[in-house]
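Two complexes come next, and they have one chain in common, subunit A, joined by subunit B in the first and subunit C in the second.
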Partner chain A sequence: MWDWSYAFQILPELANVLPITIAATVVGFAAACALGLPLSLARKSNYKAISYLALGWIEFIRSTPLLVQLFFLFYALPLYGISFSPFAAGVLGLGLHYSTYMSEVFRSGIDAVPAGQWEAAKALNFGKRRTWTNIILPQAVPPIIPVMGNYFITMFKETPLLSAITLVELLQTAKAIGSGSFRYLEAFTLVGLLFFLLSYPSSLLVGRLEKRFQRK
Partner chain B sequence: MDDEVHGGRSPDGVHQEPVVKYRKVSKSFGSTVVLNEIDLDIYPGEKVAVIGPSGSGKTTLARMLMTLEEPTAGTIEVDGELLWHQEVKGKLVPANEKHLHNVRSKIGMVFQHFHLFPHMTILRNVTEAPIHVQGMSRAEATERALEMLEKVGLSDKVDEYPSRLSGGQKQRVAIARAVVMRPRVMLFDEATSALDPELVGEVLSVIKDLAAAGDMAMMLITHEMDFAGEIADRVIFTDMGSIVEQGTPEQIFERPQSPRLQAFLSRFRQTWFMGGVQEASISAEKR
Partner chain C sequence: MLQTSIWEFTPLLLRGALITIEVTLAATVAAVLCAFLSGFLRLSKSRILRLIGTVYVEVFRGTSLLVQLFWLYFALPILLDIHISAMSAAIAAIGLNYGAYGSEVVRSSIVSVPKGQYEAATALNMSPWLRMRRVVLPQALPLMLPSFGNLQIELLKGTSLVYLITLTDLTYQGMILRSYDSSKTPEIFAMLLFLYFILAYSFTWVIRFLERRTAKGRA
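Here is the complex of A and B:
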């Protein structure tokens, strides 16, 4: 049955790898944003070929499981001489996968900017790049921050998948602890608890952000 | 007098090249013809008011000059340069973005719904384009912007955001933002139509001051007949995609020739007399 002293004994070991889980989330999320924005711009491109290519890529990535993509990056690509560390492969996989969702989020933000803003930018003779960086994106991004926050939390909860490509994160550590002592209850419960303790306050924060942007 | 308006001379009688030339310009959206083979010259410094029923194509006339709408046929010249076309090896081809960018710099526009940048302060709304489009130093742009904002009576609002301003104030900022670029031609697309009646006056007076300052040509698309009569050198009446009649304000408002203009003016005067009531209820609806 549940053993408190054992739980406290393994807690530091789990807490030790928590930064890896968090780092994978943060870097993965940054990659998702960095890839998602160009993807949404490509999707809106006037050149049909680029737009359809982006659409095809988005549909393909979304319609295949993240776990398969991670395996592909980590186990299959080295056959072609491209190999990543577990962390790099994990972050790249998360980033690629979620960039297809982030691109839709960016798109909704961009579409919500009134047409008049584009016209005003043109009338003042802003070039394409300036129109994006100075006029459109600063208006498109703030309203989608809550949605981005939700994806951040979702990604955080997906990081245990990275244990499948040997990244020593929370779940992997718990498994190791369990298989060493044959006590899985405490280890997995603590993993769940740690995720909950970080996710729940974050989702409360996102909820507050949402309310703030609605009021505006 | 007739000759002066209809002929190829500028209002003051001195021979000058037009700053804007429309030649056989047509525009259709799908199968709907909005403008049909329009010829129109605007001279440097000239104030041209465009009146006509809604759907007569007058807004499209301005939007094509601002490059927001591409003509279906015909050419527009700005300062002797083709706007939507460029010559490559003796052939007219559609203008590329660089060419449009160059010619567009001579045109400025004020929109019915202001379109201020909501994420920038009033000052930045006015300095943003001089800095990032014209490459002006921040200090110089700020100085010029403050000067412009003073002219439109908004010196005390420079650090506010647009959401804190009334419609009239927003439109005055929009005017400052466009004029600070020093265009050769300013377009006013129903600049007061979205305003509450009590705010119309402040915007019109700013436009009048600008008109009096002289050097900029203006095309004013408007429903304010008194205002058009007061500041325009020439009034153009458009209906069903054509310029039906043009002349001095006196000619247009006091001695209209065509039945269509007569009908338009009498219809307009009726609604005008029957009340601010109707106008007010329309603007209330908009809100």
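Here is the complex of A and C:
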């Protein structure tokens, strides 16, 4: 059954790879933001073709599994001469998948900026670029920070999928430990516990942020 | 070239798609049951029942689906000394995971039914069960459906993970085909993505149909 001394013995091994899981989350999240913003701008473009193209892309990526997308990046692209390390393919897949969710978040933030702000920027003869960077985005981003926080936590919980493309993160390490000693119970329970201990406090924190923004 | 390979791959992929649909439907039923049960638990007057509901939701939302899947399939049998088939582990893990997300949808929809409706039903001498069935739920269900629709797509995508515990679903068949001829990898994965997209769209249609049905006769 459950063996405490064994659990404590393998805990350091799992804690060792925790930074890889966290790095994958952080880099993946940065990629999702970097890809999501242009996507939401494309969606709002005045050119119908660009807007529909962005919509189609968002719908397609959102309704197909991240796992298959990761397989595509990791196993199919090398045949075209583009090969990635497991980590690079993993964060690119995470970023690509969640950029479609992020673009909707950005869009809601941008839509919430009052029309008067656009008009004021125009009246002051601001160029397109300055309107976005100095007027619209600084007002659009703060209210959506809690939602972005929630997606950050969601992405953190999706990182075990990267074990399927051979990235040695928490779950992959637990699997290796388990198959080495035929003791899966302790390893997988500890992984679940580690995920919970990191994600639950973060979600409480995001909940508090949300309340603070609502009061403003 | 491309056409011949598509015809070659289709039968096996369709067989996998059938398993994917089977897991999706069974897990959806499990998830809806879990969502309603825990949603009601969290609305209960008893503090203990509320706590049970909250712990369930937080535990399953706080850990990831793949970890839960592996835990149920590899760890739980050791703990309880039982055998669990891959199919039941998959349905249980996916059902419990998305049920936890659905719980919040059920709870918030029921809470958003105006208080006057409860009072009117009580004034008409309805029992709590009759009040829930005839007054509250008919108003709460249309509020739930759009969110359930989104969760349904997430659940369908989540079923691709069952390949990792040896179920022969759509993703599995793709990987098998790839092992025969890895030079066809891009075509195989493109077909996989396409088939998942079609499945997701079909589910979206069904939910939209249900939305229209429940909205019938109401403003």
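In this text, the second predicted complex is superposed on the first by the 216 of 216 C-alpha atoms of A that agree within 3 Å, B and C clash if a C-alpha of one lies under 4 Å from a C-alpha of the other, contacts with A are read in each partner's own complex, and residues count from 1 in each chain.
Basically, a residue touches a chain if its C-beta (ideal position, glycine included) is under 8 Å from a C-beta of that chain, and two chains touch if they have at least 3 such contacts.
None of the values given here were measured: they were computed from a predicted structure.
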Checklist entry - Are subunit B and subunit C a fit on subunit A, or do they clash, once the structures share the same frame? => result fit
Checklist entry - Taking C-alpha centres, what angle do subunit B and subunit C open up at subunit A, rounded to the nearest 10 degrees? => result 110
Checklist entry - With the two structures laid over each other on chain A, which partner does A:L79 touch: subunit B (first), subunit C (second), both, or neither? => result second
Checklist entry - Which partner does A:K128 reach: the first (subunit B), the second (subunit C), both, or neither? => result first
Checklist entry - Is A:G116 touching the first partner subunit B, the second partner subunit C, both, or neither of them? => result first
Item to check | Touching partner for A:P138 - first (subunit B), second (subunit C), both, neither | outcome: first
Item to check | subunit B versus subunit C as contact partner of A:T64, first or second or both or neither | outcome: second
Checklist entry - Residues of subunit A touched: more by subunit B or subunit C? => result C
Next on the checklist: After overlaying the two complexes, what is the shortest C-alpha distance between subunit B and subunit C, in Å?
Outcome noted: 26
Checklist outcome for this item: Interface with subunit A, subunit C side, in the complex: residues 58-59, 61-68, 70-71, 74-75, 78-79, 153, 156-161, 163-164, 171, 174-175, 178, 182-183, 185-186, 189-190, 192-193, 196-197, 200-201, 204
Item to check | subunit C-touching residues of subunit A, taken from the complex the two chains share | outcome: 1-2, 60, 62-69, 71-72, 75-77, 79-80, 157-161, 163-164, 171, 174-175, 178, 183-185, 188-189, 191-192, 195-196, 199-200, 203
Checklist entry - Within the complex, which stretch of subunit A touches subunit B? => result 114, 116-117, 119-120, 122-128, 130, 134-135, 138-139
Item to check | Contacting residues of subunit B [partner subunit A, same complex] | outcome: 66-68, 97, 101, 104-105, 107-109, 111, 113, 115-119, 128-129, 132-133, 177-178, 181
